[in-house]
């Protein structure tokens, strides 16, 4: 199958694609309240229109562009669409296809998927949670402020004050998720395609990193984590 | 004059016997809130709520930042449901708004596409040999507190009233986007004027501010926060919201979403340090509370056990306004009563 | 004396015109309306598009025309049940009176969309958000307001919107908005007017010309984009958020007055009747047997339908349709 | 001030309340037909300059109308004044006069 | 000098003359000083050459005898001749008479004007002849004056539909001018009544006046005459009458090869001041005749320019069809001057059109016989392009379609609107692209482009043909054969190639081979503009429509089957308002091709 049909097929296969976009009349109600449209060169209406028009070349350009990565997934668009579309969910599908075809590494914002996979993905399979205090490093999160620094430093003795059971294998906040549960999560990832997606992201990121004469390692992670051309809003 | 179309709409919220699921963000940044909620449920309301030690994330943050396939998140959720089923519960209570949204969306999807539900059952069984029932009722903790707000009020020591003037406090309520925007009938009061926090505030004596960016997203934006290069988006959106509410001089912000609470709090600090801007007259910033913290304070819980000291915007001016008793010297003590060296002070933000 | 050739339910433009025409054929007609006065929705409008003629004058003329011995007018009468008995139609009102006729014409018309249903537009919540019907009162001078500096018109409120279950286009709001912008501009020449639209459907004769005039002579600004939400400001104005879709950029506007161009839904009466007799479409309007060949007939023998109980129509269309229905009814009566 | 590795983004929202329409009003005085535009985009579709650039007369028209002058003068420079737009406009907007006037108005800061 | 030949009444006259010459001197010096380098070079090169003699001849012909006006309108020509020649002759003959009277060459300068007053009745050679000639000349001037009066009141009588509306200073000068000759007549007649020194006119009138107490009026009449002269001379430099001197200067500079430059120069001032506001341009202007604009014509534009009343509406309202240039008796290049006044400054970047692509390397490597440049407008009339493609194929040409992407403009529209830097930048791009083809000919379908290529593009490496010329060439040399059909047609000459580039016969040659060509009222260099001109940015839809309708009606008076033109813009403009069959010459040719 040629690449172009592949794109359309992949879109069509996703159950969410049809739910997200039935028929768009370009009214712009989604863009009007979209938090991303205000601060990025981003227009969900225009994206719906491109996908709806079905020009594969344009869709391919879209999948390779920064555009699809701007959405913040707040789903405000869903509330208002007079045609019952969900542009935010369409974005989810486009991102999925972009990742599966390796197009995501073509754009600055797309390449960031590597960092997210490395940070959030690893959290899930290591801690059982997407976010865990142990990896919200103040140096990567300066915006968390001095209070967070203080809490992290004193977490073991302070957390119990809030009823947390930090690193303990029992019910409560910040506990250690038991090994059996972690194992089950890992097996779920194995059978349901979660690991496959991680591998895909890593594989294409590795290819991209080699273009920069790098490996997909911590340096590459920090690169995609901080790269900002500054040309996303005008 | 005020006629709101959804005013009389009430979602279905179970009466008792809840299975509780923790939130990644809330337990990390506001573990006191989760603890307080459970305490209110059992101590104040005498409800049965179960906190399972084997529970885990719904992977919603990963899903919305596109590293988790639909099948995976469905199956992960299915495991949570299987724990619930195993423990004999039918009412699922996720602490997180993202989880709430995800659960609603997935169960809705299963409802329309039974084949996908079957597929999920297969995957879960294949991975863990577990089986599950779809919950009868999914409600967010804020729904439950809303439902029993009058009952809680009976036990409350304080009201959302300025103790000096007797005026109701002016409060900004912020609803997490995934609470009602995606499925308006799954939130109390619909999508445009969700009543869930308004109901609490008004019952407990406060008044709500209606300001231009009331429905605007806090700006979390998942990948837009997770990656440093994108945080300008997140910051700008919070800033937009805060700038819009600032002229109304709110006494505090209350949010039902863990992310929103954290971002509205931390971005105030960031903007103060980056641009020198604070959104109140005195340079303290506007305190941001979780609804559990708000309820806990009114119930007379110790602010330092609710975890208010680990908000970056400090709450003492607010506590004084309401007249809540607290001991300043306990603020930076650890769980064992040891006085710790307090956190560093920001340059611009007054703490 | 309760037997007639035809009972017409609804004394709006369609009912009045049909009664007038049938009376001219020397048919005995009973004209019933729940309201205390005739005219139906015509009473909500001050002047009509596209020629700014007075609705009251039209109504006076219609009223004069039915003022003859063939027409019996019953106002304040609420029909609660309709039955067909042996090729006769019986209508019973809430007071237990029953009226008999060989034929019956449904002219129950439309209701304006209840703008409260679009909570995001804040109708009934913010006092400066009004509907096109409310605006007519301002234009006629019945209600007076201070000169607004900016006014926004929002098209398609309650039309073309799955979220309120109305997939149809109400067809008349576009031109009505153009008419109202011109009237408003004549009343307040210094006011800036912005009209938010998705398409402007200027389907009728000289409508497009009126649109052109509103731009050229009155400087009304048309913005292509559907307004997403309206929220209040500190100084009691409202902020509108939309996308300027032709620029692909979000847009915000603070206005002193927002006019919601509310659409046309099947009226409550139309819906009840349609349900009772099982002759309604999915959108609540009454279904005619064939919109090309027999647009006045329903599937029930002797039961006819006219005007906006069928679908969205302008006033001239309604009147023509009513004449058509009356002629069909008269023919039907002749064949008996 | 602390550097966080990111900063506030500028808003792309068109703010009609900014009320900087003086230039727009003087354009209307010069080219009254400017008001008649119905945004059909016929001009942009036929435009010679648009074949190889992002130049779009309709957008220029609208940006001017909304008081968004930032990058407009650079955009207008791309126009070759060939006049094809004039011939396709269904509302007889004097597009060339409009562009010339805009250029002059933007020149006078 | 004879001190006796003086009377205080000459003081006003003398004062007027002195002021006049000072003003003239200042103006002339300033204009010459403001010539640009190129223009000065031309003057220096040609000042001592036969061109000067030719200039003298032309000055006499035009400034004194007004041949051009005569040709266009004999009555008007006569009127101008009366004033110009008659007055000059009065001065010259008056001087001769004064010399004869005094007996020496150096006489008091005012004697030539006021001799009758100072004449003491003594005899001098040819006294009667002089008296007769002077009266004859005065009669001649007065007859012109009579016509001028009539023209003011009933302009139609003199064949003018519209006359120029005057400014206040013009009116003062006009009234004083009108007073001069009647006053002279009265003064001389009154003197003749007493001194009996008049000719056939003055003496006859004098005899009539002799019955009155005329001696009291003699001196006041001479005073009045002198004052009228004074007023006229003082106001003259600030009125249309300045043209009397400027025109002479202009004739010389023009003969010396000076032309309008890219920017305003002293020469522009000469042109502006040389306008006599005769108003001939108003009548030929279609904006007046068809669209009712009668305050924008060259005469008004130039007057505004002189008075420095900068009115963009007027400057921009010109079709630049050049009908007025052809009609102007002074030969002022009014449209060029107008273009100069449209100049937009502050747009001086050089990278305006860098987005334009060059030819693809594939195209560059081939050898072409024809480089085809359709022109913007042709892309809106694709039938012209298709016809040209068919013709090229039929003629076996290997052609390169340069603007196939619909992306290139020749730059003329920019130039017309005064965006010179841009026009130059675009010209550079287009020249480069055209030259890359290395073709034998550049053929264009657009008259505007053609005009631009011929007149502005100085670096093209190949000859330029308009498609009418090209088709004429290949039908003449037999590359294609046309079949004559029984169709009646008329041809509309597009302004830019007809009046602009003298292409008259080529299209007619071609059309005669395809059908029956009829002539029309306004053809060749009298052709009308279709109204669609892109030079005019001030008029909008309905006005263009009015002009188009008018022109169309004029062209189709003979009810032809087809109206043929050779310009896509003309075609489009005619077609927009009129259903009748309008075709481009290329389409006609394709219809007549023997396609086997």
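Read from first to last, the chains carry the letters A, B, C, D and E; within each, the first residue is number 1.
Following the convention adopted for this analysis, a contact is a pair of C-beta atoms (placed from the backbone, for glycine too) under 8 Å apart; a residue touches a chain by one contact, two chains touch by 3 or more.
Treat the numbers as computed from the prediction; the structure is a model and nothing was measured.
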Chains touching both chain C and chain D: A, B
Clusters that remain linked by touching, chain D excluded: A, B, C | E
Most central chain, judged by mean C-alpha position against the global CA mean: D
Most widely separated chain from chain B, with each centre as the mean of CA atoms: E
Best-connected chain pair, where connection means C-beta pairs in contact: A-B
Intercentroid distance (Cα basis), chain C paired with chain A, Å: 49
Distance from chain B to chain A - Cα centre to Cα centre, in angstrom: 22
Distance from the mean Cα position of chain C to that of chain B, given in whole angstrom: 46
Chain B and chain E, separation of their C-alpha mean positions in angstrom: 83
Multi-chain contact sites of chain B, meaning residues that touch two or more partners: 191-192, 215, 228-233, 235-236, 240, 270
Touching two or more other chains - residue numbers and ranges from chain E: none
Chain A, residues touching no fewer than two other chains: 33, 37-40, 79, 143, 226, 228
Chain-chain contacts as defined at top: A-B, A-C, A-D, B-C, B-D, C-D, D-E
Interface residues, chain B side, partner chain A - complex: 22, 24-25, 27-28, 31-32, 34-36, 38-39, 51-57, 59-62, 64-72, 74-76, 79, 101, 109, 113, 116, 123-124, 126-128, 130, 177-178, 181-182, 184, 191-192, 215-217, 219-224, 226-237, 240, 266-267, 269-270, 304-307, 309-312, 332-336, 338, 340, 342-346
Touching residues on chain C, where the partner in the complex is chain A: 120, 156, 160-163, 198, 224-229, 241-245, 248-251
Of chain A, residues touching chain C in the complex: 25-34, 37-38, 43, 45-46, 79-84
Residue ranges of chain A in contact with chain B within the complex: 14-16, 19, 33, 35-36, 38-40, 69-76, 78-79, 86, 92, 95-96, 99, 108-109, 112-113, 115-117, 119-121, 124, 128-133, 136, 140, 143-151, 154, 157-164, 169-175, 177-178, 180-182, 184-185, 187-194, 196-198, 201, 224-228
Residue numbers on chain D that touch chain B, as the complex places them: 1-2, 4-9, 11
